[in-house]
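Each chain carries a letter (A, B and C) given by its place in the written order, and its residues are counted from 1.
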Amino acid sequence: MTTYVPPTRNQSPYLPFGDQRNAQFYGKDILSVNQFNRDDLEYIFGVAKEMREMVTRIGTFDLLKGKILANLFYEPSTRTSSSFTSAMERLGGSVIPINEVRYSSVSKGESLPDTVRTLECYADVIVIRHPESGSAALAAKYARKPIINAGDGVGEHPTQALLDLFTIVSELGNVDGLTVTMLGDLKYGRTVHSLARLLSQFIVKINYVSPEILRMPSEIIAELKEKGVSQSEYNTLDAVLPKTDVLYVTRVQKERFENQEEYESVKGAYVITPEVMEQAKDKMIVMHPLPRVGEISMEMDDDPRAAYFRQMEYGLYVRMALLAMVLGKA
Amino acid sequence: MTTYVPPTRNQSPYLPFGDQRNAQFYGKDILSVNQFNRDDLEYIFGVAKEMREMVTRIGTFDLLKGKILANLFYEPSTRTSSSFTSAMERLGGSVIPINEVRYSSVSKGESLPDTVRTLECYADVIVIRHPESGSAALAAKYARKPIINAGDGVGEHPTQALLDLFTIVSELGNVDGLTVTMLGDLKYGRTVHSLARLLSQFIVKINYVSPEILRMPSEIIAELKEKGVSQSEYNTLDAVLPKTDVLYVTRVQKERFENQEEYESVKGAYVITPEVMEQAKDKMIVMHPLPRVGEISMEMDDDPRAAYFRQMEYGLYVRMALLAMVLGKA
Amino acid sequence: MTTYVPPTRNQSPYLPFGDQRNAQFYGKDILSVNQFNRDDLEYIFGVAKEMREMVTRIGTFDLLKGKILANLFYEPSTRTSSSFTSAMERLGGSVIPINEVRYSSVSKGESLPDTVRTLECYADVIVIRHPESGSAALAAKYARKPIINAGDGVGEHPTQALLDLFTIVSELGNVDGLTVTMLGDLKYGRTVHSLARLLSQFIVKINYVSPEILRMPSEIIAELKEKGVSQSEYNTLDAVLPKTDVLYVTRVQKERFENQEEYESVKGAYVITPEVMEQAKDKMIVMHPLPRVGEISMEMDDDPRAAYFRQMEYGLYVRMALLAMVLGKA
């Protein structure tokens, strides 16, 4: 391994310093998928791709050396928290991990605006995960430093949706023309709601496959219909799997069902196994936001179409891109 | 932004290497406000001011690169823990966060001296927050590495008192000649006790405004009287606010009152609002150790006299100064 | 203090780049003491010794700059977790601390293989502590990145055993020819089991001193007998202490006894005090994996033979060595 020489403004062969679009994200908050148009998405994915190349080549670099991220998690999420921590560290920055807020100032009754205005004295950017919808926007209203929403209850989880879309772009080369099938719990999963909204900016066909009681909310279907997205609903996967380019699997949680029998009967119908996948194309991908609890059998893991672990890795690059962008360094 | 070149011993235009007073803090513990005389305070604030200039200019620098802080919190305190973490990271050092001691070795019955002697194998300096008075001194007795007291129960919280005083110095230029009014719970708040003791080294007038049952302890009043500090006690703010240079507000906690009605009647009398502040000078500051829970209305936040968020930021600089000093690098 | 210049591949006067044995640990897992032969141990201790020299000379250096450790603790262990964190930071690397797994994905039912395959997207090496025996091996089976076992229930804790042995080597110069006496709970302590196995690769005499109900398991005695290790069992320390070179003390836990009286009677017989130590040699060491709860009196701490705090420090060097080795940088 050769000694790494950190890139400087003038030397970097990869990072688009001087790009005019850069300025528009500097100091901005990342709160909702709705804030991005197609140009923005292409820009973000361009930076994320560069991050991927840099990580592959040299692992870590000093683009954000000296910058500090406050990783403010009001509810635990190992995956998302670790992903942001790694993203900041791979960019040479530091992290203040804050995982105990429920025991601390907050339990003394401190308001979110006060917590955020305190943390921005210590950090350059704040990532926030909170159980209440709208809390990231509330934090952003009071903070001078950029806020990145890492999930606010039933609200948004924009970085998840961005990484999902970046996975599709990276694995299949483009989005236009694809058939995306969403499977499982489409009612409560904020992940599929946000992804559907992002996809509506592209020319796609979306299939929704779910039990009757877990269908995609009608307002989202209406929203996408207005934008001209072709959508269809199904109870089983059989009919659509052969034509699917992206199969997005979600967890069907026992708690959503009134009686146990209904759950058991439905559960089996949405498990992805090598047998089920015999009907699928050779060139397609299976995604899952993880954690999975049986919806995809472990025998699938060696199938090259299984993209769910690579999806985690794409998440790293997208979060690196977002951190660099809001700190004016992308 | 220009590439940052870390300062070296001979180049730094800011940091007073070679200052003789430097040596007296190297390797020392920070346990109590009583350990500092007026010269020490001026030296600390001089370094803190330099830290502020460095952070403003370049954000982070490598003064403590390679040094490790063990951040040992026996009780959670997001604010103080994050402040020390940021202070160490802005100086280029690393942090071992230890927030789970209650679940761990300690719950297996390990003594504080053993825990500290273990951690000093891994770290260069230890910050300790502990619910029991005297525990920081106990830790320091056994440790070879510097111990910084980040609050030990009803005992001391010296870095809070230092940052409070640094806030006053930074905002108002000096301490001598000021009228400081302390408001709220003066009986149980270790913050106001420590600050009063520190102020006794300067020529100040102190007003204590509190409900009858939450008055400043008589032994502290006696201690300050002996040092010649002019002190007065009041039940309401009206009489003293117009002459106040520093209004230090604390929380009045419901739990301190025997009956709810008494609390409710008293509570309202100590809330700082824009209306209340009409009686205050133009050039004065309102401070609060935070978290606040209603003692200062949010409408106050845009008032330039509201110094409580800037106070958090001054805390960062003071803690940077202390870390650098005890590690021999200030 | 002079400015530190990080060593590069060709300049380092200390680190044996180019050593052929290096390659055999690159990318490997550290799961069990059984994976090391005597040559391996000597190599590891050689690297650990170099780490010690580097830390003593310059504190921290950039051998693993840009590398990221995921510190995955399913059960809390301040000591082990802090030790690995410090080891990584002293090598210039970064850490993702994961202490809340019990609240998080895992409580949503995620399997260990999935958690590990997620984390390896973010990190370069994973340290895992888990309550279930065999879990480190399970993690290693699925991970592409190196796994280091930091204790898996009643299973193994190989880095503890390695640091114990490195302590003996460092303090006494060699292992062959020594008399090692293990004292206390020899039945449940995985520490003494692993150490005994490691010692069996050397020419040593081992004494086991324990209450009847806490004797060394017969299968371990049989295993060592087959390798030709001279072993003896005792109920009291008196007979063997004068000839002991290494006294390895463990905790005798109250919970192991059926009646309280038996515990009380036995407990006192295994407490190391200055009086007890009058019978011991001048050149010998007392070790303990810590935390201790009364098995060694605090009056012993100033005795130069008390090696248990130095033992913690040796642990840092061994863990630095292991991290550097599996990442191909030793």
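As a working rule, a contact is a pair of C-beta atoms (placed from the backbone, for glycine too) under 8 Å apart; a residue touches a chain by one contact, two chains touch by 3 or more.
Keep in mind the model is a prediction, meaning the values are calculated, not measured.
Q: Rounded to the nearest 5 degrees, what is the angle of the rotation relating the C-alpha atoms of chain A to those of chain C?
A: About 120 degrees, rounded to the nearest 5.
Q: Suppose you list every residue number at the chain B-chain C interface; are over half of them used by both chains (same) or under half (different)?
A: Looking at both copies, the contact residues mostly diverge.
Q: Counting in whole Å, what is the centre-to-centre distance of chain B and chain C, each centre being its mean C-alpha position?
A: A distance of 39 Å separates the two centres.
Q: Taking each residue of chain B in turn, which ones touch at least two of the other chains?
A: Where chain B meets two or more other chains at a single residue, that happens at 97, 99.
Q: Enumerate the contact residues on chain C facing chain A in the complex.
A: Going by the criterion above, the answer is residues 8-9, 65-68, 70, 94, 96-101, 103-106, 108-111, 113-115, 117-119, 121-124, 328.
Q: Touching chain A in the complex: which residues of chain B?
A: Within the complex, chain B contacts chain A at residues 1, 3-4, 58-61, 76-79, 82-83, 85-86, 89-90, 97, 99, 290-293, 298, 309, 312-313, 315-316.
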